[in-house]
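Below is one structure, written out as structure tokens; comments come after it.
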Amino acid sequence: MGEQLRVAIVGSTGYGGVELIRFLIGHPQVQITSVISSSSAGGLLSEGFPHLNEIVTDTLDGVDIELIRSKADLVFTATPHGVSSKLVPQLLEAGLKVVDLSGDFRLRDGSVYEHWYKHEPADSRYLEQAVYGLAEVFGEDVRDVSFVSNPGCYPTATLLGLIPAVQAGWIDPATIIIDAKSGVSGAGRGLGLTVHYSEINENFLAYKVNKHQHTPEIESVLSRVAGHEVTTTFTTHLVPMTRGILCTMYASMNGERTDEDFIDLYKQFYEGRRFVRIIAKGKWPATKEVWGSNYCNIGFSADARTGRVTIVSVIDNLVKGAAGQAIQNMNLMMGWDEALGLGLTPAFP
Amino acid sequence: MGEQLRVAIVGSTGYGGVELIRFLIGHPQVQITSVISSSSAGGLLSEGFPHLNEIVTDTLDGVDIELIRSKADLVFTATPHGVSSKLVPQLLEAGLKVVDLSGDFRLRDGSVYEHWYKHEPADSRYLEQAVYGLAEVFGEDVRDVSFVSNPGCYPTATLLGLIPAVQAGWIDPATIIIDAKSGVSGAGRGLGLTVHYSEINENFLAYKVNKHQHTPEIESVLSRVAGHEVTTTFTTHLVPMTRGILCTMYASMNGERTDEDFIDLYKQFYEGRRFVRIIAKGKWPATKEVWGSNYCNIGFSADARTGRVTIVSVIDNLVKGAAGQAIQNMNLMMGWDEALGLGLTPAFP
Amino acid sequence: MGEQLRVAIVGSTGYGGVELIRFLIGHPQVQITSVISSSSAGGLLSEGFPHLNEIVTDTLDGVDIELIRSKADLVFTATPHGVSSKLVPQLLEAGLKVVDLSGDFRLRDGSVYEHWYKHEPADSRYLEQAVYGLAEVFGEDVRDVSFVSNPGCYPTATLLGLIPAVQAGWIDPATIIIDAKSGVSGAGRGLGLTVHYSEINENFLAYKVNKHQHTPEIESVLSRVAGHEVTTTFTTHLVPMTRGILCTMYASMNGERTDEDFIDLYKQFYEGRRFVRIIAKGKWPATKEVWGSNYCNIGFSADARTGRVTIVSVIDNLVKGAAGQAIQNMNLMMGWDEALGLGLTPAFP
Amino acid sequence: MGEQLRVAIVGSTGYGGVELIRFLIGHPQVQITSVISSSSAGGLLSEGFPHLNEIVTDTLDGVDIELIRSKADLVFTATPHGVSSKLVPQLLEAGLKVVDLSGDFRLRDGSVYEHWYKHEPADSRYLEQAVYGLAEVFGEDVRDVSFVSNPGCYPTATLLGLIPAVQAGWIDPATIIIDAKSGVSGAGRGLGLTVHYSEINENFLAYKVNKHQHTPEIESVLSRVAGHEVTTTFTTHLVPMTRGILCTMYASMNGERTDEDFIDLYKQFYEGRRFVRIIAKGKWPATKEVWGSNYCNIGFSADARTGRVTIVSVIDNLVKGAAGQAIQNMNLMMGWDEALGLGLTPAFP
């Protein structure tokens, strides 16, 4: 097994961290050599996550660059915003490959980051070095690089749904409205009334309306694709379920198109990419169709009556929106098949 | 008790029916004299609804116009689309007051009804007679009439959220997009995979995209308010919860407005109407805030960056979206305080 | 309204507190004159509970005995274990009537309390003064007293299900096993992983097996009824829902009895008590049948094959298991109809 | 791939069927050669299960013995009670290996089957031929046989939790009480009010009290282990979640034992069986710890106060309680490692 890639996970005690572990355990080319947590170092990972009992028997390491360097070749940093910005540069300087799951390296412009995230931005040298790993769109950029910034959960669902239409010029970017809904796991394992069962069960709510920090990430990528600056309306909602994101996206069409036109366009755009599935005419995706898997399903309704198209995309926020896409990026960085270790079928029901 | 209004409920074995009963039991001016079901006549209502054991001990009557006439002064018809269109005219001809909870009398134009509902429309004489009972907006029209068509659940949440802005000319009706989400009880008690627990739990999905039969109801009322024909994009989603509708509505603003401007406008518009609550700046409503009650909560985000306003409204689909508003309409028809019998505080958590 | 009872609620910002308010708002003989919170004094109650916006506009008072004395005649103390033991004596000394919803006065024996609750017990003078308010069983003891200790949620469901059979000598108390299941609201509004949505949704678990602090409360009452000391096995589980307790209770029968025998016995025992409903033969209760109401439903299966009876009872833990029974006790203390203000029909679905 | 075992699944359009497929897709020694459904033959499996789009592209075959014989070496019959009893003999006569997931071959005594299942029993020749595949207990019996009857979901969780203690003589079998709770997927994909989302969400209920058809299966195995006839009290409950069974089991202890004693006994009994995990002292299992996996977790509380032990076990009803154990049995029948293809880590959260 000496030829396997040695992988460390910083932030192993978060939902993104244990989801990385769930997939990496079955990855044929990888060995998990260090599970790391700043808060729980010295304890067993399975102490806080009994589902891993007898599966992962490792003790948690602390965040120690030298130790990581000695144990690993590649590091997943599933750390909060404001932590990665400090940690990742050290890991890179130590010669490690990095896939960062935080928002700290997704925006090239530090001032935009500061405005939306209310944190100090990372050093611009590293911002420039980061490759934005939206695998099905910018996967070629990822091949052979050593530092990838993994897209946010909402941006992944949104961008996979919008980019082919924007690139084809079929919709007017100025009219894009994104109505996004997420399960509660997106908020992480931290405590608060907004993740309190009795408050969230049998409840549906909007939050951070026009204020979500994923807005500039979506806009900067759409601008890059459109070739001019794009501003969007983006609303997020909390769904009483654990996993899943569904984005309903609206835009005015340039010219008359049918559902079939969109289906053909997207099938062509995503040809050969097994994790994007285009839904048949007259059907729309449900989050449960992708639960626990790395798939993104996309459906369309081009409405001649209003001249607008409605595009609906779904992902599992912890997989395609976090751990799964991060592993997909690792695969691309290493020159492997992007689907390696990611072949799990969605769990239904 | 002889002076109480005698009330019959057709469709007592549906969710709308039992919700009418829950409220009417506590209504000081009303006596339920007949619970009616075409499918279960002769049985006990509580047989199928054990929560009513020892509370409602009535045997279900069949649908018999003479019997209803002998027992009741006013009838709630909580019957499916396509049934009310035939039944209501008979009840009216028998001299009964009627509040119809179906979609059969909400659209004046029978051909539009036929297009969206795929049913034969009701006789146009009765369509013209029906008063559309959106209580906080058209309540004055309802006073003293004998036939009210109760608004749909989605249209209630949508229209209460949009009408003040449309009437004030603050938003461009041509740009309105409505992204609606509903709990499962809106689909009724009928069986099917789309209400199967194992399929819907931990799932979120879009349905009837650009095809929902509530679309023309929303458009016809907005057109009436705007003074010209309005077309909208309307999407519906299913939320894994039992009760609650949240509508997120988007429109381009005519001129610059702030959140405070919208709050003031709406507070003024709904002054004196206790069932509409305008949310404070920087907050957005959650469905659980109105669970089990007749309230509609509305919040705003006027976004200078995009020139759009986002309006979020919530109701309990079975109360304000059905039974509660129907009772409110009965109160108005009878010249009573609109809130009579509707004073239940939302149940939280 | 000067003749109404003036009522204060200490612990208004807990789930028990807001549930007291939901019912008391509709109570014809009561006026809420002070909502009290040690942690949030000075703020609006509705700030933390937006479902009460425009319904309860009161500012929260602090815990100030003099202020309470000046404002109220009766106080509900919905305070945590270990707080009531100190607070209630002061309220009683100030001449106030008290209904305490904590566990601090349910056990006569301070040492037993200390063993199970791991807190210092209340002064024995007050322990002796407290009347245990299991309304349908000991309701006569409550009439005209000034201090009632409100039963725990699990003990209420358990004892209402077991007492008639124990008193009749139909079951052997030494064989009683209680398997209890509760919704999450029983754990209160405090934060922790055990109420974290992502951890509890789609999860079912056992907790505090053989260690739950309600065990001695159940045993002491059963011992009182049986006339000799009773020890029981009591297990608690967490159900992924907000409200509801279901207790499945097992015991060996003394002699042969049928379901009908039990039904008759219980109907007779609870004759005239509207909040206990005995389920028909061959049916078993569901928590949703009592959701939001003060009912307790009980069903039976006497099994000749094994010589054991299985008794199943359900309540809404926040109503019959807390706020509702507390109001019932207030009604009894005041000599009113026990059902006053408690007439809400269960909300279904 | 010619050396792989060719496998057919009858009942592919049920939850057990698609769960078999989810695991078998990743099984290194197996090829799914026919997905079979009597009701949907000719259609695509993914038509009814869109989560399988582009993963399983097969058309459903009908139930045709000749066709199955030509395509497969081994058949999983995930068919309803009363169907397997007729179908399995035909498959066996055709020379096929069979793992039957129904209840039709779990009871040797046809008259007992008829009493509890209300169906005609299978021919006694085949009842005698069936090997009961409780893998961790009777796995040796399964090696190299051609027909295995897969245990029921409740019996699996119950028996794995009870057998070591019964076999060791540590508990009195006559005192065993089993309080079982299951998620809704156990009821299958069929329609009915008992799986209707609005009726089951935020609800917990008991059903089939003392009448569940799994009772004789549990009793016959316990009797076999105890060496004398055992009668038990068995109650089933429905939990508002999709997957998971938790069984709380009570029995009087013969002699004094501690938690540690039970832990040691069970660790020894299940030594080398990776799918049973014994929980540490002072902890109890939660269904989510095994979600989507083939694990069974077991915890203990030996209570000196009452002389009883409480044993809690959890499984995923669709995996260890159905598809997973069926594959485990196939592995044993083929002489392979029992864990082959079953290595999925539980999905958390």
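Read from first to last, the chains carry the letters A, B, C and D; within each, the first residue is number 1.
FYI, a residue touches a chain if its C-beta (ideal position, glycine included) is under 8 Å from a C-beta of that chain, and two chains touch if they have at least 3 such contacts.
As the structure is a computational prediction, the values presented were derived from the model and not from experiment.
Chain centres computed from CA atoms place C at the largest separation from chain A.
Across A-D and A-B, it is A-B that has more C-beta pairs touching.
Taking the mean of the C-alpha atoms as each chain's centre, chain A and chain D sit 36 Å apart.
In this assembly, the C-alpha centroid of chain A lies 39 Å from the C-alpha centroid of chain B. Counting partner chains per residue, chain C shows two or more touched chains at residues 15, 183, 185, 198-199, 201-202, 240-243, 285-286, 288, 291, 349.
Residues of chain D touching chain B in their complex: 15, 183-185, 187, 189, 191-193, 195-202, 240-242.
Chain B makes touch with chain C in their complex at residues 15, 18, 21-22, 25-26, 49-55, 185, 201-202, 242-243, 274, 277, 279, 283, 285-286, 288-293, 297, 343-349. Taken in their complex, chain A has these residues touching chain B: 177, 179, 181, 183, 198-199, 201-207, 209-210, 231-233, 235, 237, 239-244, 246, 248, 250, 284-288, 291, 299, 301, 303, 305-306, 308, 310, 312, 314, 349.
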